[in-house]
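Structure below; questions to follow.
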Amino acid sequence: MDKSELIGLLEAVKRGEIGVEEAVGRLKSAPFEELGYAKVDHHRGVRQGAGEVVFGERKTPEQICGILRSLRGAGGSDIIVTRLSPESAELVGREHELDYSAEARLAVAYRTAGRPLQGSVVVAGAGTSDIPVCEEAALTAEALGSRVHRLYDVGVAGLHRLLSHLELLNSARAVVAVAGMEGALASVVGGLVDCPVIAVPTSVGYGASFGGLAALLAMLNSCASGVAVVNIDNGFGAGYLASMINKASL
Amino acid sequence: MDKSELIGLLEAVKRGEIGVEEAVGRLKSAPFEELGYAKVDHHRGVRQGAGEVVFGERKTPEQICGILRSLRGAGGSDIIVTRLSPESAELVGREHELDYSAEARLAVAYRTAGRPLQGSVVVAGAGTSDIPVCEEAALTAEALGSRVHRLYDVGVAGLHRLLSHLELLNSARAVVAVAGMEGALASVVGGLVDCPVIAVPTSVGYGASFGGLAALLAMLNSCASGVAVVNIDNGFGAGYLASMINKASL
Amino acid sequence: MDKSELIGLLEAVKRGEIGVEEAVGRLKSAPFEELGYAKVDHHRGVRQGAGEVVFGERKTPEQICGILRSLRGAGGSDIIVTRLSPESAELVGREHELDYSAEARLAVAYRTAGRPLQGSVVVAGAGTSDIPVCEEAALTAEALGSRVHRLYDVGVAGLHRLLSHLELLNSARAVVAVAGMEGALASVVGGLVDCPVIAVPTSVGYGASFGGLAALLAMLNSCASGVAVVNIDNGFGAGYLASMINKASL
Amino acid sequence: MDKSELIGLLEAVKRGEIGVEEAVGRLKSAPFEELGYAKVDHHRGVRQGAGEVVFGERKTPEQICGILRSLRGAGGSDIIVTRLSPESAELVGREHELDYSAEARLAVAYRTAGRPLQGSVVVAGAGTSDIPVCEEAALTAEALGSRVHRLYDVGVAGLHRLLSHLELLNSARAVVAVAGMEGALASVVGGLVDCPVIAVPTSVGYGASFGGLAALLAMLNSCASGVAVVNIDNGFGAGYLASMINKASL
Amino acid sequence: MDKSELIGLLEAVKRGEIGVEEAVGRLKSAPFEELGYAKVDHHRGVRQGAGEVVFGERKTPEQICGILRSLRGAGGSDIIVTRLSPESAELVGREHELDYSAEARLAVAYRTAGRPLQGSVVVAGAGTSDIPVCEEAALTAEALGSRVHRLYDVGVAGLHRLLSHLELLNSARAVVAVAGMEGALASVVGGLVDCPVIAVPTSVGYGASFGGLAALLAMLNSCASGVAVVNIDNGFGAGYLASMINKASL
Amino acid sequence: MDKSELIGLLEAVKRGEIGVEEAVGRLKSAPFEELGYAKVDHHRGVRQGAGEVVFGERKTPEQICGILRSLRGAGGSDIIVTRLSPESAELVGREHELDYSAEARLAVAYRTAGRPLQGSVVVAGAGTSDIPVCEEAALTAEALGSRVHRLYDVGVAGLHRLLSHLELLNSARAVVAVAGMEGALASVVGGLVDCPVIAVPTSVGYGASFGGLAALLAMLNSCASGVAVVNIDNGFGAGYLASMINKASL
Amino acid sequence: MDKSELIGLLEAVKRGEIGVEEAVGRLKSAPFEELGYAKVDHHRGVRQGAGEVVFGERKTPEQICGILRSLRGAGGSDIIVTRLSPESAELVGREHELDYSAEARLAVAYRTAGRPLQGSVVVAGAGTSDIPVCEEAALTAEALGSRVHRLYDVGVAGLHRLLSHLELLNSARAVVAVAGMEGALASVVGGLVDCPVIAVPTSVGYGASFGGLAALLAMLNSCASGVAVVNIDNGFGAGYLASMINKASL
Amino acid sequence: MDKSELIGLLEAVKRGEIGVEEAVGRLKSAPFEELGYAKVDHHRGVRQGAGEVVFGERKTPEQICGILRSLRGAGGSDIIVTRLSPESAELVGREHELDYSAEARLAVAYRTAGRPLQGSVVVAGAGTSDIPVCEEAALTAEALGSRVHRLYDVGVAGLHRLLSHLELLNSARAVVAVAGMEGALASVVGGLVDCPVIAVPTSVGYGASFGGLAALLAMLNSCASGVAVVNIDNGFGAGYLASMINKASL
């Protein structure tokens, strides 16, 4: 709740337009709808300038349906549902209009047709196995209105594959660098571009990759400036942040 | 064995009412029944003022049945069985009177009907996915005689959801704060209330949550005073302790 | 800010007694004094029913003096300063009235004379080397108004030392169990008493104790019910929570 | 080396204006000066739109002097030197014009006088002990041309301190959230603002903070969208990235 | 190869009784039979005074059969096969005479009938869930000729269960202490007996037990003297060592 | 792209034989074919003197088929596909000529018949359970043209098994030492031979082997000189490097 | 307190020879003397058949003096003080008769002159740097009455150094194997001898030895039977246990 | 001891030229000299084709002097002493002829004058701070007879610095890649060259570099083929192995 809203509310109280008890009630209950298992936040879109997001993991299809119903009822659109299994997508899709990618395990509900995509986010992935996380990032950024360029299988062991796309990289307003194993892509990209790089370690690898820990630590220790890191396999988070940066710089 | 019991026993020996060998026997064998695979403790209820508890994980339904038989035979009621799978619950329920929650994977055997619940424990959970652990805490506290208020999906990324329930939080004698991912709920709650907060990290999350480690460490490092932590996903332990605190302050 | 304060403020606005801008200002600036390097919270004592606490580590003596001046200026007393080095204590003591324990590295500023101590908190420590952490807990609880019994060097490798004090343990309203190395004291005490046990792992040990990690993990995995854990070496946190529990049950 | 430069070079070869050997030489040696112990990169400023940066840790004062001489010789200004001890700063300052902060252990060499600062970066710090890392971020962003607002000691255990500055937070184009211990500040801030949040875990804490690991993991697992993380105590990296985002959105 | 064998061989060469090439051959090939996938050691029984042992995990039933055939062919008996699944046991049992415990996942092949058991090894287990590891230890020690007393469900949260068996504990020549969760049993037993204690951490537990790590660290840090530790869930190793100690002291 | 190629290309531009745009195109696109999900590198064989390698894990059979088609189309042979499941091998084998080992989960596609194997690589494995990793190493080295000697089940607990093969070990130009559990084989072998030893930790073990971490750390800390380590279970990497060393020394 | 003592006490009560209150007192206070900072255990020597032990780390010289005074007053001799710095040893030695080894940081107070040493314990150390831990083990075993043979610098990278002492190794009743770095010595020795091996990982090493963790994990995963492990650098614990085993088998 | 030596010894016994006892003695005592604190290995040079190496850490100057005396007495030269502090070097240099580098903390004793260096080892280092480890590698390889090219400050954040030296890299027979922080250099180099790459993680970095762990894990997970890893900061080990590979391929 920002200052102008607070002032507005207080002034309405002062003018006697709304009572004290009601003001307290508004302060408390306005921003969300209580579903019992969830408190659906109808103001986040306004507050943060982005569509709603539902974290699908460990939620039942019924719970997801209920949350979508609440959001849609409040006029929501382009609602992102992450980590949604194909089975849940099938069930949720019976009630709600879903645009689902099985590869990224991500759906966009009630997508706005014909919405123009703006700016430029590059999603660069080190290997073929990293593509699902890349797609989660790319689809997220697109759902939030950003134009995305995909650059896959550009791992550092074959530098020429990356270097041949320097022009594209340098045209980006934000780059998402996705890599498992040793995670070196983030540093190399970070040294080549002059825009923010959001690094996503993935759990691709085995043995001493320890489920993505190796890539995570490497990315946190990047010797390149302008690089920040999100959680392992968190394509959504990177796509969200990259889109936010992209759109702010339009 | 406390001092008065020891004195009583020794005086009986002194008066010749019981023989030395018998006294040694009593000292040794009284407090539990030997089942081979378990030594059922019939005195714990007396010693600790709480119903019996059976840790169900890795026990066969047969073992659980045997332990319940022993406890019930000694007059036990409101016996909590934790981490009980639906399959085991089904089997154990054939022999014993069980009140089972599949969500919390917890049963109460031989529940006392119409028992009044006292005081106030608030169980606050950060996200929908944390509800099973919340329920384990809530059902435990209720089985031990505490009144419980549930406050779910109040994670810190939408502070207004939590702040709108300040009054309820401040009426509690103990709060159980349940959160996975970054576990920040414990610190925020700890800064808002003036009663003990028992923090429960959950394994909800992925990647660098490392099965709940991130939330556990965050909660242990809470900058708020009056917060203590139990094991990851240990809703039972938090509910037990919160109920103990709640009832002591009645 | 609780509900009654909010209602009061809103009603004053409604009655025109205070202006809107002023109300906004109060909502914002009331609870703390801005020192630049710190925002001193004058309401915490009221909110949480306890004296103020200053975390001394990494603060300069000048910063600590400034904070104490602010708190004292607002009428504070019995202010606990933790992790205060002897050198800093010496410097701070020149301006402020301090009661300092070098062993616990803890000071109480402006202690209220003749204040009666109430209830019973037992602080049990496993070894001689754990005494500094024990004292931090004990002095904290005393500063907050609790009567404390100290039970030191009662590690589980010599059980009779602990068992000989069962009566004292069972008279406690809360027990603080302090142990390094394998941290087994918490579980053994937890099995003997019927009040909450706050376990404090210490960094006492070497090699695979990994700075207290071994004791921490052991305590989190305690098979006894009614045990919760605070950070390694956090005697203050345990004493604070134990005192809170003790006083609630008076 | 981007495409247009490559084309220009190739065309010059084609026209016979420069020989093949010379072209190879230019491709190889242009971008840096060889000092033996360092290869000073004179093009980074151009490539990345930011002043030069020297990572001072484990470099001798002589090495730092040499690098500054090379950069200054090539016309560099506003050169940031990080992790510079007071002793080294004193020695380097004899040869070079330095603006040094002992608190942040950061110097700006050959600062451009009267340079206007633009946009708005908020640096929010949880505790007094986090201020050195905050200052490293703030001074970095200022050296790169961003206007910075400092918001210190706003940890989540006293939420009102943070909430009273919502207006300032919401005016930012990028927020740097700095916290040790449980690192919850990043999530809370991330839920309140609609601009990117760069989270910096610090090594402030003890015991199970494990040198900042607890805060790092918490921040990586933030349940708020729009948050990315840099290395523990890496104020420089966060300030650099926040400034990059701030300036892109002007 | 010990000194006397070496001398004997060399003297035979000196006397010309065996040729040089043959001596080299003997030095190389005597001690084992080559199966391709395994080199079966026929001398270990002689060298180490114990029956053969086959580590069954990740070996196919065919490989185990082949190794048993080789050992039996060389006159082996009382051969222990550890970590043998019921399915493999069924298959191996068609060719070889097996005495199999599904609980301990351990078989003894070609058991010597009527072999007297000697001395006294106590296997103490903390909880019902630890019994499989206890049985692996107990059956191993019995296969090696030791008399074993089982003492199960004697965890430290109910000390009287353990203390009531002090006499039995004190009659042991070696104690195996098996515990998961916080692993405190080893320290408590170590403080009560005057014989070696071999501690076995188990993977029983959840959350911060990290698969037995908590118990392992606790046991390594035991404050009791005379305690050593084997790998998590390594009942075999503890039973083997305890039996070795038991028999040496007959 | 090495210097002579660069010079050649530039001279062709100078002589006007190829245009500038075409040169830029060649610099960018020559080395790989774009498949969308992969960028197949046709020059690696030339650059690194070895057949192509496809990392099969997490790739669909369709993706692997596509990559093989691209490589074969460019004249590739002896193409190694690692971490290929039997199911995938079956499917890929329908389109491509595969030589598949289910034990090593490795295939060689389009193997050159009658190719002579050269030099000597010894692959030494500690236990029967390590054989799959050993075979991955051995088959890789053979596919790359090296003669391989297999020495399995030579773990250090029965030293004579290893010592009896000293002559073979000393004839090697490179040794691959494969071991799980405590990983001691690498150090013992490293002390016996005078050629490079490539150590491969395996995930064989349980409990405190932590998925191969114990062996990995042991091998990294080897007190023998001339030992280097690859990732856990990375038989391919060790076989590749050993073959590279073997062939360089022919 | 064992059964016979308990019976004796109870019978004395029965016969009226001692009163109930007195019996309770004896049960409680007999075994130790209260020093405030320590509870000195006078019965441990009797219970465990070994001299007293004082863990010197983090105890002040005054505390150690007090404990020694108490033990000596009760007739103690051959009292081991571990982890005693030279400075403390100097101070303690002014009041008490100490036999101090600076290398092992261990003292024996009031050593019994001319006491015969029995049996055979071999202490084998991998490198010169491991000698201090070896000496702690050796001096402990000697103080407890065992004859010790030292075998230093026999690391596995030069196997012949160890193999040349096979005869000595095979004459031992217990072997202490001390090694840092990769800790392979324990496995190799465990495969060569037929007596218990107590393995001591040391913190000797750097980098990925992680303060002895590498050696610890290696030893816990030893593929040799008959090996158990104590804490990192715990020479005392290993010497104590080895001596216990040695003397039991006399 | 290799086969031909064994045969020679046995034949001498057969011919009666040496007695049995003497043969046993030779087998046992030949390869090393017993100094008490060390067993100096005089045969390693012969066995492994390299000069002797003394690991200097935690050895006293006296011990190092004694070992050098023994080695020199047996005719040794070009003896490498690693991890030698300047203070120790000064003391050892009084008795022995030392060529000492304070930067690399490495000495070569009794260096052979005018020895030609052969082949080509490239030592590539990521940053200025990695130079000490680079120098340890380079000086080691030179002491063993390899020609070394140094390529420092070529970290991946400024790729052009590395790429401008492709020709030099491709002329190497072995590359040592030294990097701290994210350790990406190893992968990038591994993708550019066709010779073995020995990767050395360094402890350069802070925070989540965890003393070199980040670089270590990254290097172990390198997506490039032909890369193996040594311990953190182990420049010696990498230089030794690289030299071994270089010289084998001459």
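We just call them A, B, C, D, E, F, G and H in the order they show up, numbering each chain from 1.
One rule holds for everything that comes next: a residue touches a chain if its C-beta (ideal position, glycine included) is under 8 Å from a C-beta of that chain, and two chains touch if they have at least 3 such contacts.
Predicted, not measured: the structure shown is a model, and the values here were computed from it.
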{"item": "Mutual neighbours - chains that touch chain B and chain H alike", "value": "A, D, E, G"}
{"item": "Reference chain D; chain at largest CA-centroid distance", "value": "E"}
{"item": "Chain pair with the higher count of C-beta pairs in contact (C-E, G-H)", "value": "C-E"}
{"item": "Recurring contact interface, reference E-F, options A-C, D-H or C-E [over half identical by residue number]", "value": "D-H"}
{"item": "Length of the line joining the C-alpha centres of chain E and chain H, rounded to whole Å", "value": "41"}
{"item": "Centre-of-Cα separation between chain G and chain C, whole angstrom", "value": "38"}
{"item": "Distance between the centres, which are taken as Cα means, of chain G and chain A, whole angstrom", "value": "58"}
{"item": "Where chain B touches two or more other chains at once, by residue number", "value": "1, 3, 27, 127, 158, 163, 207-209, 213, 216, 220-221, 225, 231-232"}
{"item": "Interchain contacts, given as pairs of chains that touch", "value": "A-B, A-C, A-D, A-F, A-H, B-C, B-D, B-E, B-G, C-D, C-E, C-G, D-F, D-H, E-F, E-G, E-H, F-G, F-H, G-H"}
{"item": "Touching residues (chain side chain A, partner chain F) in the complex", "value": "127-129, 131, 152-154, 158, 160-161, 163-164, 204, 206-209"}
{"item": "For the chain H and chain A complex, residues of the former touching the latter", "value": "126-127, 155-159, 163, 180-184, 186-188, 190-192, 205, 207-210, 213-215, 217-225"}
{"item": "Touch list for chain A against partner chain C, complex", "value": "3, 6-7, 10-11, 13-14, 16, 20-21, 23-24, 27"}
{"item": "Touching residues on chain D, where the partner in the complex is chain H", "value": "1, 27-29, 31-32, 36-39, 41, 44, 55, 57-59, 63, 83, 201, 203, 211-213, 216, 231-234"}
{"item": "List of chain G residues in touch with chain E within their complex", "value": "1-3, 47-50, 53, 166-167, 170, 173, 193-196, 198, 216, 220-221, 223, 225-232, 237-238, 240-241, 244-245, 248-249"}
